[in-house]
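One chain, subunit A, appears in both complexes that follow, with subunit B as partner in the first and subunit C in the second.
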Partner chain A sequence: MQELKENNVLQPAIPRSWNEETKPHKFCPGCGHGIILKALGEAIDELGIIDQVVFGCDIGCSLLSWDFFACDSVQTHHGRTTPTITGMKRANSDIVGIAYMGDGGGYAIGSQHLFNAAVRNERITVILCNNCNYGMTGGQMAPTTLPGMKTETSPYGRDVNETGYPTKGPEMVAAVAPEGAYVARGSIANVRQLKGFIKKALENQLAGSGFSFVECLSSCPTNWRTNAKQTWEFVEKDMAEYFKVGELRIPQAKEG
Partner chain B sequence: MADVSLKGEQRVFMTGNEVVAWAAVAAKVDIMYGYPITPQNEIMHYWTRLAPKYGKKFLQTEDEISAGFTMLGGVMTGRKAFTATAGPGNVLMQESAGMAEMMRLPAVFVIQQRGGPSTATVIYAQQETTLTAFGGNGEGHRLVYSTATHQELFDYTIKAFNSAWTYRFPTFVLGDGYQAKMRESLTIYEPEAKGVKLVQQQALVGENKPGKKFRHLRNTYNTEDELYEVVMANQREWDVMAKKVVEWSAEGCEDAEVVMVTHGVVSRAALSAYQQLRAKGKKAGFFRPITVRPFPDQQLADAVKGAKKVLVAESAYGQLLKMVKEALYGKNVELVPMLRPGIGITTEELIEEYNKL
Partner chain C sequence: MKRVFMKGCEAIAEAAVRAGCRFFAGYPITPQNEIPEYFSRRLPEVGGVFIQGESEVASISMVYGAASAGTRSMTSSSSPGISLKSEGISYCAAARIPMVYANISRGGPGVGSIQPAQMDYMQATKASGNGGFKMMVLAPSTVQEAVDMTFAAFDYADRDRNPVLILCDGVIGTMMEPVVLPEMKSDEEVAAIKNSKKWAAIGHKVDYANRGWIQPGNWSTAIMQQGNEEAAVMYENWQKNDVQVEHYQVEDAELVMVAYGISARIAKTVVDKYRADGKKVGLIRPITVYPFPYKAIENLNYNQVKAILDVEMSIPAQMLEDVSLAVKGRCPIETCLCSGGNLMKKEQVMDAVAKLI
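Now for the complex of A and B:
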C-alpha cells in the first residue's frame, strides 16, 4: 500500500500495480470496470506478481484498460483475448497471463475460445465483466441481458422466447473444465469477496493446476440510464438473483 | 516419415508439407499452433512427430481464428511461432493477420491454397493470392513469398521467419495443394552450416528482467489523426522493406516478343514452356514474381519493355492479372490472360496458348 496521507489529507489507496500515470481512468462515473480492476490490482499486489503478469484486454469497455496496470499489456480484438493470452502462456509458461473481457467478448463472439480454453484447462486466468449489455457500442442486448430488460436492440424488453435466457458463464465453464480448474462469480457489490476470488484464481494459475475463471457482476449506469441508487439495486438485487454469486469449482488440495 | 536429420545437409525425397515442418525445425521455431484443414494437415502431422524430439511445442486450437491469435501471443513473448492453413481457414486467419499488421508482429503463416470460393475443393488453386496479399481491413502491410518447388518451400519457409523477425510485418509462405502433397527431391540443411544466419527473436512482453520497463501494446486509436500517423509510419517502413525483400525471376525477357507471367507452381510449367519455345527459335520470355507482395512492379515493367504481348497464366480468375495490370499501368503492351480458377496449368497448355498469339 502506498502512503495514504498526502499534505495531511487522506488519499484513496491505489494498488501499487496500477499505472498511476494513466489515472484517473477512462471509464464512465459509476462504472464497475474500475472496481473490478481495483480488486484485480490488489490481488496482484498481495501476491507480489506484477513482474510476471501480462495483462490482455478485449474490445469493449475493457479496452479502456489497455494502459491501466504497471505491467506488460496487450489490447487485442473483440473476443480474441483468451487465445492471445493462451498462446503466450503456451509459449512461455513463466508468465502470469490474465485475459480481461466483457460479457459480449467472452460469451458471444469469443465463446468458442472461452469454452475450449476451459476444456483444455489452459493455465491462464480469465476475468469477465458482466454488465448485462454491450457497453462500448451503446447498450445493445448481450448474452447476459436479463429477461425483460430493455436495451437498444431489445427495446421492448428481452423476450426469452426469441432470444433465450441469459448465459450463465461460470456454470458453463464449471461444467466443462477438468479437475484443477477454479471457477467463481463475484460482484462489485462485495469487493472484498471479489478480490478473494480473483486472488484464488491467480493462485490457481501460479500453482499450475488449471484454468481459472472469475465472472464479475458489474454496472453500466451510462447505458442502463440509472442513477446511483438504481444502479446498486440492479447489481445487488436483479443481477444477483439471476446470477448466483459464489465459488463453483475449487481445486482439491494436493495430498501430502 | 523420412529418416533424416538436420546435421549439415542431406538429399531427401518428401512431400511439401513434410518439407515445411523440417524447415520450421531448421529455422529453430519454438511452437506451432494449428487447426486441421486439407491440404495443410501433414505440416501439423510431421511437426507433432518432430516437435518432442527437438524440444518444441504444438497446440491444436479450436479454430483458425484461435490458431492465428495464439500464434500472435506466442510471438509477443519472443518465441518463434507459426501456423499453417488453407482456403476457408485462410479467410478466418485474416483477422489475426490484420492485428499483426497493425501491431507489427512477426507472425508467420504457411498457406497451402485449395479451391475456392467457400469450401470448394481440397486439392489446388491459386485463388488465395489476393486474400493472402491484401486480406484484412488494411493496406496489405505484409510479405508474401509464392513458392514453386520443394527446395523453395524449404528455403523460403526459413527465410519467412528471418524476414518476419527482421521487419516485423506478418509474413506468408504461399504454397498450394500440389506442392503440399507432391513428393520430390530437395536438399535440406542446417541454415548456419550453409551461411544462412537465423535472425534472433525478441520478446515484446513477458520478459521478467530486472529493471525492465513495461510495455502497453494496442491496436486501437482514438482519433483519425493518431491512426493516420501510425498507418503512414507503417507504410513508410513497409516501402523501405519492399525494396529490400522484393524477389522475382526473369529469363529471356531482353529480346522477347511475348513474356509469360506466372507465379507459384504454375511458373514451373511456364519455365519449361519458355525453354521449349526458345529451343524452337521462338522469342519467348519468362517472368515470375517470387514475392507477390511486395510485387516486383518495376522489374516486370522493365522485363516487358520490348515485348508486344504479355501472357498472364494463373489458376485463378484474374488475381495475378490484377497485380500485373497495376504494375504495367500506362505501358503500351497487350495483356493476354489465361485464367483457370482451381485447375492446374501444364507446359503443353501454355505452349498451345502461346502459339495462338
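Now for the complex of A and C:
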C-alpha cells in the first residue's frame, strides 16, 4: 500500500538503501543504470542486508553511482572493482561485497579480474551493465558493441573481421566458474526478472556458495542517438537476440 | 635477545606479520618470491589472508580493498612489477589508504636484470604513480634494518593514512643475516588497530552521512584541491619530523660519500679502510630516501669538505639530483656508479675516493 502525496500523485517508492540526498540521480535521461540500481536497491532492502553491504563502483558511467546508496562505498580504478571487492571480502568475510561496473570495465580492461575471480569462486557479487558502448567517454566501441553497430570508434560499423564478435560475459563466466557459482543475464526490459536475478546473486554470496555474476542489458540513448521507441526496440530485440536473457548457472540446492 | 638467521625477503614478511599485517596479495617475480611464499605459509597460521593475484594490478587492487576495510595489508614486487602496481598505489595515496609495499628492485628499465641494483630511486621518491603524491620511502642497508623498517612502516602508514614503501635492493632481499625480530602484536592489539579505523568500509547501518566512503579523488575541484593541500602539509611535516639519516665519521671529514642501501654498507667499509690510514673520509647514509635528509648534507662545513662522492648502483645516477640540491654548488660532486645488476665493488669505491683526496 502506498501513500498518495500532494496533488494525488503516487510517488514511486524509493528503495530504503538509496541515498535520497543524491536523487534525482546523475545518469542521462533514458539511461538504464537507474533501473538496474533500483532493482539492486530493492533486492538489498528485501534481504535486509544494507548494514553488511560494501558497494564498489568502477570507472565510466557506473562511477556515477558512487553516492547512489546510503551504504559503505568504494571507488576503484577502471576494471579493478572485482579485485578490490575481492580484497575487502577476503579481509572481512561478513560483508556483502558488490562490484558494479560497465562492459568495458568487466570485459575489456578488467577481463583478467572477472575471469580469475570466477575461477577462484570468490564469494562476491559482480553486477555488470551492458549498454554496447563506452558511455561516459562519448560512445566508443566496447567489447559488447553489436556487429555492424556504429560508434565513435567504429564509424563504419563494427567489423567483426577486425574486432571480433561481442563478448558474451555470462557465458564465459559460466564456463570457468566452479560449482556453487550463480550466473545470469537480465535486462532492464524485464525489471521484475532482473531483480530476481540480482537477489539470487546476493543470496548466493550470503550462502557462501560461490561467485555470482549478473549481466544487465541496458540502454544508452544519448550515445546510441535513438529516440524512446528506437531505444526500447534496441534493448528488447537487437540486444536480446545476440545476448540471450536467462540464468546460465544455478547452484545445486544443498541437501537437508 | 634471541637472534635468528633469516633471508631478507622472509624477514620482511615475518616483521610484517608481527606488526599485525593480516592480508597479503602478490604476484610472482624474481628476486622477491620469498616474500609471497613466506606469507602464503605464515598468514594462515595467524588467521590472515594470502591471495596470489592474477597480476600485479590485481594484487595491488586487492590490497586497496583489504586496507580500505581496515586490515593492515601489504604487497611486494620488483621493478617492472612495481610499475604495474603504480595505478593502485596512486589510488591508495589519493583515497588516503594505509598500506605497505616492498620493492626488491632490479637492474634497469624494462625487464632489466634480476640482479641487485638501485635503479628505481626516482620512481620511488619522486613519482610512484600519477598525481604528484608522495610516500615515506625507507631504504634498509641490513636485513635487521629491513625488519625494523617493515615493522615501523605499518605505524607510519596508519598514522598518515598513506602508503609506505620499503625500497630494497636484491642484496638485502636475498642475503641471509642474523636478526632480532620484534615482538608479535597480540590478536587483541591487531583487532584494536583495525577497529580504530572508523573510516573503513566494513558495512554500516543506513546512514549516508557516516558511511565508510573510500574516495580516490573528487569531482569538486575545491574539495580535490583541499585534499591535495592537506597531503602537501603532511609531506612537509615528514621533512621536519621523520627524516632518518646516519652520519658516519663525518665530523672532520674532508671527503663525504653519500650512499644508501647496500651501497652505503660498501661505502662504510671504504671509510674504515681510509680512516685506518688517517684519511678524513666520512659517509652520510639516507635511511629515509623520502623524506630525503637534505639538511644533513646542506649543513656540512664546506670550508672543510673538499668534495662529495655520490655512490649508487644506478647509471645514470639518480640520488645525485637530491644531493646536488643540498650541496648547492659549494663543492664538487663526483659519482661512483655501477648498474645493470652489477654489485658495487669496494675497489671501485676505493679508487673513486683516491682521486678526490
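In this section, the second predicted complex is superposed on the first by the 248 of 256 C-alpha atoms of A that agree within 3 Å, B and C clash if a C-alpha of one lies under 4 Å from a C-alpha of the other, contacts with A are read in each partner's own complex, and residues count from 1 in each chain.
Throughout what follows, contacts are C-beta pairs under 8 Å (C-beta built on N, C-alpha and C of every residue); 3 or more make two chains touch, one makes a residue touch a chain.
Treat the numbers as computed from the prediction; the structure is a model and nothing was measured.
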Subunit B versus subunit C as contact partner of A:16, first or second or both or neither: second
Subunit B versus subunit C as contact partner of A:40, first or second or both or neither: neither
Which superposed partner A:116 touches (first subunit B, second subunit C, both, neither): both
Contacts of A:54 with subunit B and subunit C, given as first, second, both or neither: both
First (subunit B), second (subunit C), both or neither touched by A:132: neither
Which superposed partner A:75 touches (first subunit B, second subunit C, both, neither): both
Partner chain(s) touched by A:85 [first = subunit B, second = subunit C, both, neither]: both
Contact residues common to both interfaces of subunit A (with subunit B and with subunit C): 19, 51-52, 54, 66-67, 70-77, 80, 83-92, 94-95, 112-113, 115-116
Contacting residues of subunit C [partner subunit A, same complex]: 22-23, 25, 49, 51, 53-55, 57-59, 61-71, 73, 87-88, 91, 95, 201-208, 211-217
Subunit A - residues contacting subunit B, complex: 19, 51-52, 54, 59, 63, 66-67, 69-77, 80, 83-92, 94-95, 112-113, 115-116
Complex contacts: residues of subunit B adjacent to subunit A: 30-31, 33, 57, 59, 61-63, 65-66, 69-79, 81, 95-96, 99, 203-206, 208, 214-220
Subunit C partner contacts - residues on subunit A that touch it in the complex: 16-17, 19, 21, 50-54, 56, 66-67, 70-77, 80, 83-92, 94-96, 112-113, 115-116
